[in-house]
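In what follows, a structure is listed as C-alpha cells, so that the remarks can point back to it.
So that you can tell them apart, the chains are marked A, B, C and D in the order they are listed, and the count of residues begins at 1 in each.
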Amino acid sequence: MQPANTARLTISCPDKRGIVAAVSQFLHNHGANIIDSDQHSTDPEGGQFFMRMEFHLDGLDLAREPFERAFAAVVAEPFGMDWHLWYSDRPKRMAILVSQYDHCFLDLLWRRRRGELGVEIPMIISNHEAMRRDAEGFGVPFHVIPVTRDTKPQAEAEALALLKGQVDFVVLARYMQILSGDFLREVGVPVINIHHSFLPAFIGANPYRAAFKRGVKLVGATAHYVTEELDAGPIIEQDVARVTHRETPETLMRLGRDVERQVLARAVKAHVEDRVLVHGNKTMVF
Amino acid sequence: MQPANTARLTISCPDKRGIVAAVSQFLHNHGANIIDSDQHSTDPEGGQFFMRMEFHLDGLDLAREPFERAFAAVVAEPFGMDWHLWYSDRPKRMAILVSQYDHCFLDLLWRRRRGELGVEIPMIISNHEAMRRDAEGFGVPFHVIPVTRDTKPQAEAEALALLKGQVDFVVLARYMQILSGDFLREVGVPVINIHHSFLPAFIGANPYRAAFKRGVKLVGATAHYVTEELDAGPIIEQDVARVTHRETPETLMRLGRDVERQVLARAVKAHVEDRVLVHGNKTMVF
Amino acid sequence: MQPANTARLTISCPDKRGIVAAVSQFLHNHGANIIDSDQHSTDPEGGQFFMRMEFHLDGLDLAREPFERAFAAVVAEPFGMDWHLWYSDRPKRMAILVSQYDHCFLDLLWRRRRGELGVEIPMIISNHEAMRRDAEGFGVPFHVIPVTRDTKPQAEAEALALLKGQVDFVVLARYMQILSGDFLREVGVPVINIHHSFLPAFIGANPYRAAFKRGVKLVGATAHYVTEELDAGPIIEQDVARVTHRETPETLMRLGRDVERQVLARAVKAHVEDRVLVHGNKTMVF
Amino acid sequence: MQPANTARLTISCPDKRGIVAAVSQFLHNHGANIIDSDQHSTDPEGGQFFMRMEFHLDGLDLAREPFERAFAAVVAEPFGMDWHLWYSDRPKRMAILVSQYDHCFLDLLWRRRRGELGVEIPMIISNHEAMRRDAEGFGVPFHVIPVTRDTKPQAEAEALALLKGQVDFVVLARYMQILSGDFLREVGVPVINIHHSFLPAFIGANPYRAAFKRGVKLVGATAHYVTEELDAGPIIEQDVARVTHRETPETLMRLGRDVERQVLARAVKAHVEDRVLVHGNKTMVF
C-alpha cells in the first residue's frame, strides 16, 4: 500500500517566520517533490512549530546521508529544529507486549498480514503462554517472560535484552503489567498503550465495573504514549460506543473490546506513518 | 405529535414471578390496549423490577380515579410497587433555569415551539437579565432572581415560591449556580442538569480548559438528575464530538455546546415521555 | 455468556387487545419467569403485533414439548400467531460462505472462539481455497465449491446438499456470488449478507470506487437478510465511518472493512439472540 | 473569534515540483507569517494541486493591491494558478433562502448572533411569510418573493436583483424550490444546499417516507454545492443519526432535522473559512 520511494520529515522548533519557506525551498532545490504537508503552531508569537512533510525521493540529487547532513546544516540548525527523516522503504519494527486478552493482539496481526499497517513485527513478548499458538500461526517469534512481584526487575531486564536496538516502537496490546520508569528510559523507543477507558474517566484496575456502577451511556477507549506517570501520557486517539442499562459488566467489556481494538489500530497506523508529534503531554495527529 | 388519549404507567418493585401477567391482565380486563411495553430487572432472583407500559385510554371501563384506585388495590399493593400514571392530555410543566449561555435554553424553546417536546413552560428563572428578550419573544414569563454568596438562601426561597406546585420538573439549561440540598428536597420534583463534560471526566468548573490541557480527541456532555452530591446524580444521556489538536479552549467550548444542547434535548424528551426510571444512582432509559 | 436455561419466544400476529395479557398469564401459570420483554405494533388499530419474550425455564411445570403444545392451543391459535420458541441450551448452527476477503470471516470466527456469539459453526463453504488455513486453524470444516457461470446451478446444488438440515442460518461473509431464488427457497433458513455500502447508496459491483468518485464524506455498510431481489432485503444493521478527500479507493475499502465487520457481527449477534423480527421488507430489532 | 488581521490564500493548479517552495518563499519575502497550511494533490504525477494557506498580515511590506499584483506576476502566472485571497477583516456576506421549515434557518441565525460563523447576513429571501418574525427578531432584512409554476422566472429575476453583487454566497436553508441553471449562472456566487438525506440515497421529494419504507437504521443529511444537475453537486459534509423500527415518518423527520442543521452549520463554517476547494464534482475540505 505504501508507495515505495517516499520520505517523511517531521520537525519541531520554536515558531518564527520563514520556516515553511526554508524547508520547502531546500526540498525543492534538491529535487524532492512534496506530496503532503501539515503544520501546526501552538502560537505564531513565541509558540512551538510542528510540521510533517512527505515527499518523493525519485528526483533527489543527493544520496540519503549527504542529503540529511545538508538539511541539518542548511535548515535544521539555523532554526533550532528537532527533526527526523523516515524512509518508506524501511518499515518500522513493532514489538507487541500482550498478556491474556487476545482482541487487540489479533487485530494488529491481521491488519499487518493484510498489509494495512506497513510494519514488521520482529517479536511478541508475553507474561503468559496463552497467545503462543496465535503468534506462531502468524509466523512471529513469541517470547514468554513471566512476571511476579519479586521477579519484575529481572523480567524487565530480559525484555530489554530482546527489545533494545531491535524495534522502533512497542505496543502494549492489553499488557497487564506496569512498566517501570527505568524500563521506559532504557528501551529508548515510543511505547503505545491502549487504556480500556475513555481517559481521564475511570482510571484504574476495573473501569468496566466502575462504568457499570456509574450507569454510563457510553464506554470508551484511549490510546496513548506511555510515560512514567500511569495513564497520563499524551493521548493519540479515543473513541466511544453507546451502551444501555441492559449491559452487565461483562457485556460492557465485550463492547469495550471492539472500541479498544479500533482505537489501538488507528493509533498504531498514525504512529507508523509518522503522523503523531508530541508536545509536552499533548499530541498533534496530522 | 403525541396521540391525545394514552397513559403511561411506570412501575418499580422487587422482582418476582407474575408481575407482567398481573399488570397486563389488569389493563386488559379494564379495556386498556397496550401499545408499548418495556421492562428491566436488575436480577431475576432478588433484584428490582422496572416497567413502563403505554396504553390507549379509549376503551377504558372506568374513570381515571377509580381506575387508579383499582390498580393500587389489585396490583400495586400486592407486589409492593412504586408506580405512577401519566396522561398524555396533561403535558408536563417544565421550568427552565438559565444563566448567561443561551444555546441549551434556545434549543429547548425552539423544540417546544415546534411541538417536539410535548411540554408546557410556565416559567423561566435566571440570575441574569441577559435572556429576557429571547424568553419573552417565545411568550414565556421570565423571572430574574440575582444570586450572590450572601443572598443565596433568600434567592433559593424566592425560586421555590415560584416553582412549588407549579411545575413537574426543572431543567438547568446551563444554570451556573449550585443548588442546595434543601432546595432540592423542597422543590419536590426532578431537576435535570446538563454537565458540560463527559462525566466522570473533568468534573468541575472549567472542563473545556481541562480538556484542552489534556489534549483529548473527544469532548462530551452528560445530562443527569441533580442530587446533593455535585455532578454525581443518575446519568440520563451522554454523547461526544470529535476534536483535534487544532482546537483552542474556545473552539472546544463551541463544539461542546453543540453536544450539550443535543444531549439535554434528548434527556428532556426521554423524561417527558416517562422513559427514564431511576434505581439508586443509575437510570433505565426505555 | 448465555445463561444456560432460558427460552426466547417470538410472536407475530394481527394486533388486538389482550395479547400481552394472554401470553404473560400463560407463562406465569406454567412457572416461567419473564426476564425480558419487547413488543412493537405497526398500528394499534389493525396493524401487526410483534413480541419477543425471554424467560427462565427452571420453574416450568411441563416438559418442552407439552409446553409448546399447550401454548399453541391456549394462546397462539386463538390469536392467529406466527411464533417460535428457541432454547438457550441449543445454540444456533451458523454456516459461513466466504470468497477471498478475510475480514468479516475472521471476525466471526474469532468472536465465536471468545464465546461472544453463542453459535456453533458446523461448516464453512468457499468458492476459493484461500481461507482454508484460517478455517482449519479455528477447527471448522472447510468445503471448497468452485463456481463458474456454467457450473453455478451444480455448485448451488452441492452447497445445498451440505447445508440442508445442518444449519439454522447462513452468513455471507463477503461471498461474491449471487445466490439464486431457487437456492434461497431450498435452503429454508435465513441468509444474512453484509453489503459493502450504506444501502440504498451505491448498489452494485464496486461501491468504493463509486463513493470515491462521488466524493462522499462517509462510507458505510449494511447487513440485511437476502431476498431474491438483489440488495433489497430487510435491513438488520447499518453503520458508517467518516472519510476525507485524502482517501483513495483503496483506503476507502480499508476503512469500509472495519465498518463491515462490526456491522455484520452486530447483525449476527442480534439474529442469534432472536432479536430480529421481519415484517414485509423491514425488521424490528429488539 | 476570527483574529483580525489574517488572510487566506487558496490555490488550484496543475501539480508540479516547487509550488510550495515558490508560494512560501514569496510570502516570507514579503513579511507574511504562515500560521496554517494544507495541501492536496490528486496525483503528484500530472494531477491537480490544491493549497490553502493562512497567514498574518501584520508584517506585510506591501499594501494589499500591490501584494496581490506581485503574487499574480511572480507566482500565480508561472504556475498557471487559479487563486483567491480572502481577508479576515472583510467577513463574507451570506444570503439565506428559506421556505417553511425553521430549524436550519434559526440555527444559522443563532450561530451568527453568537459570533460562531464570522459572516454578515444582508438578507433573507423566502417564498413564504412564515419566517418574517424570526428574521426580523434577529435584525435581518426579510424579503418575500412568492413562487408559483407560472411566476418562477420572474421570481428568480426578483431574487437576482436583490442578490447580485450584494452577497458572497447563498445558503438554501430548506428552500423548497429548485433553482434554474440560469439563476445559478447569473447569481455568480456559490450556493450551498442541505439535502435532507444521506446522498446518494433517497434522492427526491420525500426521503423520510422512503427511509421509513426501507426500514433503514440510520438517517442522514448532506450539504453540497448546488449545480444544475439536481442533488448531484460536490458534497461538503455529511452525517447520520441512528434510528430504530419505532420511528414513524414524523419522528424520522424530527431526528433528521437535528442532523440537517448540524451538517449545514459545519458546511457553512468550512465555506466561510475558505476550507472547501472544489475539483470537478468533489471537494477538498481542509
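By definition in this document, contacts are C-beta pairs under 8 Å (C-beta built on N, C-alpha and C of every residue); 3 or more make two chains touch, one makes a residue touch a chain.
Quick caveat, the model's predicted, so the values are computed rather than measured.
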Checklist entry - Of all the other chains, whose mean CA position lies farthest from chain A? => result B
Checklist outcome for this item: Whole-angstrom distance, CA centroid of chain A to CA centroid of chain D, is 36
Checklist entry - In whole angstrom, what separates the CA-based centres of chain C and chain D? => result 42
Checklist outcome for this item: Expected list for chain A, residues touching two or more other chains, is 40
Item to check | Chain contact topology (line, ring, star, complete or other) | outcome: complete
Item to check | Parts of chain C lying in touch with chain D, wherever the complex brings them together | outcome: 40, 198-202, 213-218, 220, 234-240, 244-246, 281-285
Checklist outcome for this item: Given the complex, residues on chain A that touch chain C span 1, 102-103, 106, 110, 114, 116, 137, 250-251, 254, 258, 262
Item to check | Residue ranges of chain A touching chain D (in the complex, touch as defined) | outcome: 17-18, 20-22, 24-25, 27-29, 31, 33-41, 44, 56, 59, 242
